[in-house]
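Pasting the structures in now, so scroll down.
Shared between the two complexes below is chain A, which pairs with chain B and chain C, respectively.
Right, the complex of A and B next:
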């Protein structure tokens, strides 16, 4: 049985657009809201970790296959999928469109959470956010909100409900 | 007769000895497009689509007092807001089966054989120009499903309204979603008495990945 501690979505402007944190006894849920500085700080740390890990992964990948950066248009990239530590692991899914989905779980899992993350992207995110004409398509509305300086996030009750319904049995 | 047979034989042997990887990739993309179209796509009635799009363009023309340039611009802008959403839909439908693009020709083939096939069930001819680095999608006379039932009146024809200009916006924004900046435009349209409908992609450049502040 997997225990999920938190779930995060980052967009391609390095902003956290969705975050939810679960308590171990399922009771308390911390969400990303506009004035919760605690979650914003945490989101920044989380993004920093994922960002530097993927930078590192790409460097090693390109070295390992002896790749020379000649093609600027279609660079060869790889994505890291999991970081494991002594007490928790972070699973990520980076989509081609630059979104990063991330789940923080305990280390008891034998299976990878890739299928779950793919499901969240394909079924829940797509249905409630991408194809919903009243959600922003791009959460950074102006130049000043890019590069991790944005503050907008998904405020969609159906999305919340579906995410919770999906994650609850895994808690 | 005998010469025919011999030439066929040489052809066969040449295809066996050196299988063109580009050709193989094309075949794979065609099959993938067909598969995704059959399995994952929801279909709607084509007449309903045509009538909806028609009434929508008609409203736009009335709104701008038949100013074709403004209509073209607006159609493209609308296409861009469709395309930026469609790219996520595209990737979630084709899942992980899509091969990586390594050059512009691959990009053109992928858009034509998978993208166009999935969403409008038509596959245009892809004409890739090596020297100018442009990709052209060519629809034969009746292949563009947007144009079904449509005949433009003379005054609008003179002003060069590209009736299905929304497609160019869709392609532009969809490519922007995967960090490729480009210019997409119609260069001819069968509705304007040209022989083919041509959509051209040019000036493809890569958008640099954003890095967080302070990095």
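Right, the complex of A and C next:
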């Protein structure tokens, strides 16, 4: 049985578009809103960690197998799955469209959380965001909102409800 | 053939020792790239401590953070029972196979004698290691093709081993391996009177040989 501490979604412009953190001691939930600077700062650090670690493992692997980047049509990309520290671990799922789903849980060697993340993407995100004509197609509307400068995020109560319903038994 | 590199990083993020077990890495990565890799990994330690979930904030214990400390507080207050502790349990793996070691191999015999590490408080019943100092340390980075394992000593020196996915090694086994590297490091390098602390380890043939032997004995190469 795993314990979930927080859940994050990042889009392909390095913006955090959804974040929720559960405090099991105080029984409160912190969400990413436009004026919560605490979650914004944390989201930036989280994205930075995931990005730099996946970049590092990718370059190291390319050099270790003597790979030349110009050889092939599709560049070699590796998926980055998990960082675990002494007290918590971060699981990530990167989709082909550049979205990053990440789930912060307690340490557990056996659980990969891959199925859970794929379920969130397939059943909840697709249903409420991608197939929803009232949501933005892309959360960065102009050039100035790319590269981590964006401020728009998912504000969809049905999406919230489904995420909570999915995560609540795991808290 | 699963271990590719072994790095040792000092507490300020500088690379002090690296050994590659893969020829392509030796050829493609120059020493400058290796330094960048080491400092990136070092900065990840600080980052993981910054994004610690609110619930776990009370367990936080970082060597990179400057903590507010009262002036008259004692520096070594490790045995304080009131402090929140979050023990990490590691299963003890004995040093690898003894089959390919002949009796006349001096280095191997020395290694077997030196690196058992029994008697320290870490190995308290020869089966489990209880470690309180690894809470804010990254222990494992898992990707499709690489496994990166970390061990941080109590003084902030980090041992990093990068391995590929040919064999599933497990965090516990690699932690035991890196503890042995740590004990070799403190025996062979730090006891050398001509070595200055926090500087790169150069031209230490004994340390090189012992690391190579240890890796062979653990069946990692």
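The working rule: the second predicted complex is superposed on the first by the 164 of 171 C-alpha atoms of A that agree within 3 Å, B and C clash if a C-alpha of one lies under 4 Å from a C-alpha of the other, contacts with A are read in each partner's own complex, and residues count from 1 in each chain.
In this text, contacts are C-beta pairs under 8 Å (C-beta built on N, C-alpha and C of every residue); 3 or more make two chains touch, one makes a residue touch a chain.
This is a predicted model, so every value here is computed, not measured.
S.K.: Taking the superposition as given, does A:165 touch the first partner, chain B, the second, chain C, both, or neither?
M.R.: After superposition on chain A, A:165 lies in contact with neither partner.
S.K.: Does the superposition put A:95 against chain B (first), chain C (second), both, or neither?
M.R.: After superposition on chain A, A:95 lies in contact with chain B alone.
S.K.: Looking at the overlay, does A:141 come into contact with chain B only (first), chain C only (second), both, or neither?
M.R.: In the superposed model, A:141 contacts neither chain B nor chain C.
S.K.: Does the superposition put A:29 against chain B (first), chain C (second), both, or neither?
M.R.: Once the two structures are laid over each other on A, A:29 reaches no partner at all.
S.K.: Between chain B (first) and chain C (second), which, if any, makes contact with A:48: first, second, both or neither?
M.R.: In the superposition, A:48 touches chain B and chain C alike.
S.K.: Is A:78 touching anything from chain B or chain C once the two structures are fitted on A? First, second, both or neither.
M.R.: The answer is second: A:78 touches chain C but not chain B.
S.K.: So in the superposed three-chain picture, is A:57 touching just chain B, just chain C, both, or none of them (first/second/both/neither)?
M.R.: Touch status of A:57: second partner only.
S.K.: After overlaying the two complexes on chain A, where does the chain B footprint on chain A coincide with the chain C footprint?
M.R.: On chain A, the residues that contact chain B in one structure and chain C in the other are 48.
S.K.: Of all residues in chain A, which touch chain B in the complex?
M.R.: Of all residues in chain A, those touching chain B are 12-14, 44, 47-48, 51, 71-76, 95-99, 118, 121-122, 125-126, 130-131, 137-138, 146-149.
S.K.: Spell out the residues on chain B that touch chain A in their complex, using ranges where they run on.
M.R.: Spelled out, the residues of chain B in touch with chain A are 81, 84-85, 87-89, 91-92, 95, 100-104, 107, 177-180, 204-206, 209-213, 215.
S.K.: Please name which positions on chain A make contact with chain C in the complex.
M.R.: Listed in rising order, the residues of chain A that touch chain C are 5-6, 21, 23-25, 30, 42, 45-46, 48-49, 52-54, 56-58, 60-61, 63-66, 78-88, 104, 109.
S.K.: Across the complex, what residues on chain C touch chain A?
M.R.: Going by the criterion above, the answer is residues 4, 22, 24-25, 27-29, 37, 40-41, 43-44, 47-48, 50-56, 59, 86, 88, 134-146, 148, 162, 164, 170-171.
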